[in-house]
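Each of the next two complexes has subunit A plus one other chain: subunit B in the first, subunit C in the second.
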Partner chain A sequence: MSKINLNELDPEFKHQVAEQPGGEGLKACFACKACTAACPVQPLEKRYDPRKIIRMVLLGMKKEVLESDFIWLCSSCYNCQEVCPQNVRFTEVIYAIKNLAAKEACVPPGLTAQRSLLKKHGRLYEVGEFENEKRLKFGLPVIAEHPEDFDALLPDQNSQQTNESNVTT
Partner chain B sequence: MSRRVTESVFLSGEYKSRERASNKALILGGDEYGIRIAELLTREGVPSTVLIGPDETPPKDSRVEIIQGSILSSSGFIGNFDVCIQESNDHYERKFGFIIAAQPAFRASKNRLFSLSDSENVWSLSAFRKHLDSGGRLPERKGPWLHIAFFFDLKGASEISQFEELLSILDRLEAFDQVQSYVFANNLKVSSEGLDAWYRDHRRRGVVFFKFDSDDPQISFRNKELVIEFVEPLLKEEMELTPDLIVLDEILGPSPSIRPILEMIPSWPSSAPYLQPESTRFNGVETQKAGVFAVGPARGVFDQRSLRADIEAARVSILQALPELSSLIVKETAFIDRNKCTFCLTCVRLCPHGAIGFDFRPEVDPMSCKSCGVCVVECPMSAIEIRPANAEMIEESKTAPLKLFVCSHSGLQAVSKINSNFLTDVEIIPLPCAGSISPNMMLKALQEGAKGIVVAGCFKGNCASIYGSTLADSRVAQMVQTFQSVRMDKVKIEFVYLAGNTPDRIVDAITRMKK
Partner chain C sequence: MEALLYLGCTVPIRNLNYEVSARLTARALGITFYDLEEFGCCGFPLKSLSVEDSFVTAARNLALAEKKGLDIVALCNACSGTLSEVAHQVATDLEIREKINHRLKPIGLRVEGKVKVRNFMRMLWEDIGVEGIRKAVVRPLTGIALAPHYGCHYLKPSELNVGFDSAETPRTLAEMIAATGASVVNYPSLLDCCGGGLLGMSEEVANAMAARKLEDVSKTGAHALVLVCPFCNVMYEGQQKKIAKATGLDLKTPVVYYPQVLGLALGMTSEELGFKLNRIKPSGLLKILEG
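Our next item is the complex of A and B:
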């Protein structure tokens, strides 16, 4: 891997993350690795290392963090938050990072696909005639899709699609 | 025993001078601190004189005696230091009972260690602070951010006071926009009041700290620009930084103006940077030489509370020593047999406490002697004697198959924590210091039928005689090697380092012996 040049990193990034709701505790981290040790994802996917992610944010590796796919691997189990002696609240921090990534339009295709499903059907699983017939057979009410419920939350925008190619899973 | 000591006191001419022991203290430098220390000590019954450098300005109204000059030479022992002072064109000798060094450490640039020369991009910590204090400016930004790299505690240890200085520089840098500071450090020194919070505060405000355990960052020139290359310790990735400024901390050392005093302290070149012995057995302000103290600025202490504690510690030490000085001492000390002594001065050189002086012949100062026994073993003529505190115990049992020589500082404490059933066939022989174990003692133990010998001394950095346990370790290693070279592999001798709370180290060693 080529050398990382600190001059090209963004010193503002750590402040940016810390200003997000939930990101406040970020700079208290003293890299004790308790979060990494408690994380159930980390043993399966070495690239997802809470301690290293914090370090990358503190160093200002904005591009590397926001455009990565590993920040989306968090299972939100809150183990890291429970064990942190510095009250960093890493689960909240990773939400803050993900929110920033979404703002910068760095969302992995899986999530974009979910978004379009939600927008189209108002739910993550499409309910068609086949399903509803089966439900009737069991005496269950028919499900109607109300995608219009999400119009306010998910406005039309194509920026996600354009940036999708940047993200690999 | 007391007779022998008395004899040694008489022989060395110390008895006469004991009566003339001085209770005066000489305070060396330290600006307003030195004056304050002198005033406090004088009030406590220790008349003090302050010596300030020839180019310093003496304070106008002080209640203590102030001499402006420099030290030419210094010799003697606690209660009896002869200090030769040069005052303008005159020089004279004066007697002081105690010497207290209070001037701040001398600072030397670390540039050379990083192969750097002084330039507008390279600053030392103190110079950069002065620059900022006097309203100095920072260089023009080349990019959106101005990058400043600080080096701390790399290539030579740094002190708490320097970390305070670094933090106060970071405080001042807050006044500038778009400045990103990086601190490349080995150990951060935060063990002073409020420092840890101050440091955390700067982390919160965005200063980035790198902590290196090994693989220090390298500074090199590339296209006439300074580049710092390093492996990020947490991410383990290679990184580089082209800083606009590099600020290096400095090497601290005892001030050269007190060199004659330093020369009285044994092994002072290694006791960097503030005359402090490399052992935790000494209280904060003591040096290896009895009667010489390093107080306040001379050991990196500047804040008022710690300074007051330092003065108090020195005062207590002095007041405790005073009654002993005026009486004839009947404690165990080394005794040099003048008929056997060949003036090789091995003892003078090796005494870890600087307790042996040379005045026509080597002489032991009873007040300074800690009866560690290092000189007894090292004397090539076997001319020095100390009777160990528990010598009777050696005489008692000669049949135990295992001999355990323990230092009376931590060794005995550790032994007391071992179940006595385990030690039934072990003879415990206390030594004043592990450094007083001699090859002869080990051979004698073997001659008496010992199957194994364990020698136990304090951990390095905890030895009351600084290098006593190191000496013992090397002597044991030498014995083992000798026996191996003559194929006597069955002889088991071992040295263990221990502390009072690690009796398991002795248990392990004895278990190995018993196998």
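Our next item is the complex of A and C:
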């Protein structure tokens, strides 16, 4: 790994992560590495290292963390969270980090595609005649899509931010 | 015993064998399931993008259930995990509840935190019980060896499963398998994560995560791996051929859903239980039972 340039560190980054829902426990980390030891992804993909990601956030390496592709490699198994003696809740912390990355527009395309599908159908998979015919063959009730709520429920980024600021004031 | 059956997105489209066997076994055990057409996505797929979006999407379902005055029972581990997490949050954290309700307002809904969410296995465990299952068995699965796989969101985060099962030494699925008369196979990688959450990001890592369990289970000679989650199913059944190819392992481990196994013990036929949709045929198991 290349040297860390202190001038490029962002001291606000850790506070930003801690303010996201689920990010609150971040600053309690005392770097014992229990999370990394319990992680099933880390032995297979060295770049995904929970302890190291926490250190990077605490140091303020905002760009390196938010623009990386490794933050998207959590399998959400909760092992790190279960073993943490400091109740950092790293599974939730990594969601907080990904949420911040998403706000800065660094998102794997698959995830935004899922969101669009959800808004359109109210569910991840479109339910058409083919699917319902198959269901009927097994004696299962037909499924009707109810997408009508989802446009209002999941507004696009800009209008959503306005919405949020209304709540906090 | 009644509940709203929450199907989620994946099960009713891709895992009809799970849905049909869950409905049939529930009915046979005296459970009444109601369908709610308006149910939508549980919110889990949105969590990486926005925890808040994920929570309001989950809460929409909770609010619909509250209006019906019924609790929710879900089949998919990710759905039951997300819905119980949000049910727990709205029941215990007033600030989060109000934030969510602010966003539910435009669609005319509100949550009060009154709905209880369980997965189907927890309902079987708590409302029917191991003894209740044993008493209902008409065709004991004698001579059949089954390997349990719980799945991460069945057991964790453990604060959502207080009074149900232990994340470190789980027993509920094993005991409910044993109640059918089958023998339970133990194996080293019992608690392994399937890797399903990673499949969209890195197929290579996801497959490597699933490989160890498939290898372990195939070595035990179990007739099938028994699970309860459609995402675990994608890894262990859907990806099995690719995993065998990538690792050079000789894998042909049938993967079944627990309600399918339970249904056989309750006297239902493999046809009724949707076994023709299992992609790796559990022929050894079915031969013992149906000849």
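Just so we're on the same page, the second predicted complex is superposed on the first by the 151 of 169 C-alpha atoms of A that agree within 3 Å, B and C clash if a C-alpha of one lies under 4 Å from a C-alpha of the other, contacts with A are read in each partner's own complex, and residues count from 1 in each chain.
The criterion applied here is as follows: contacts are C-beta pairs under 8 Å (C-beta built on N, C-alpha and C of every residue); 3 or more make two chains touch, one makes a residue touch a chain.
Because the structure is a prediction, the values reported are computed rather than measured.
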item: Fit or clash - subunit C, subunit B, common subunit A; value: fit
item: Subunit B versus subunit C as contact partner of A:4, first or second or both or neither; value: first
item: First (subunit B), second (subunit C), both or neither touched by A:27; value: first
item: Touched partner set for A:42, first subunit B, second subunit C, both or neither; value: neither
item: Partner chain(s) touched by A:72 [first = subunit B, second = subunit C, both, neither]; value: second
item: Between subunit B and subunit C, more extensive residue contact with subunit A; value: C
item: Which of subunit B and subunit C A:102 touches, first, second, both or neither; value: second
item: Least Cα gap, in Å, left between subunit B and subunit C after the two complexes are fitted on chain A; value: 22
item: Subunit C-touching residues of subunit A, taken from the complex the two chains share; value: 20-22, 40-41, 44-45, 72-79, 81-82, 91, 95-96, 98-99, 102, 107-108, 110-112, 114-115, 118, 122-125, 127, 131, 134-135, 138-141, 143-144, 146-147, 149-150, 152-154, 163-164, 166-167
item: Subunit B partner contacts - residues on subunit A that touch it in the complex; value: 1, 3-7, 11, 14-15, 27-28, 31, 51-52, 55-56, 58-59
item: Complex contact set, residues of subunit B against subunit A; value: 143, 145, 147, 180, 182, 200, 203-204, 206, 208, 229, 232, 234-235, 237-242
item: Residues of subunit C touching subunit A in the complex; value: 7, 9-10, 12-14, 16, 19-20, 23, 35, 37-38, 40-41, 45-53, 55-57, 60, 96, 99, 102-104, 106-107, 109, 152-153, 156-158, 167, 192-193, 195-198, 200-202, 205-206, 208-209, 274
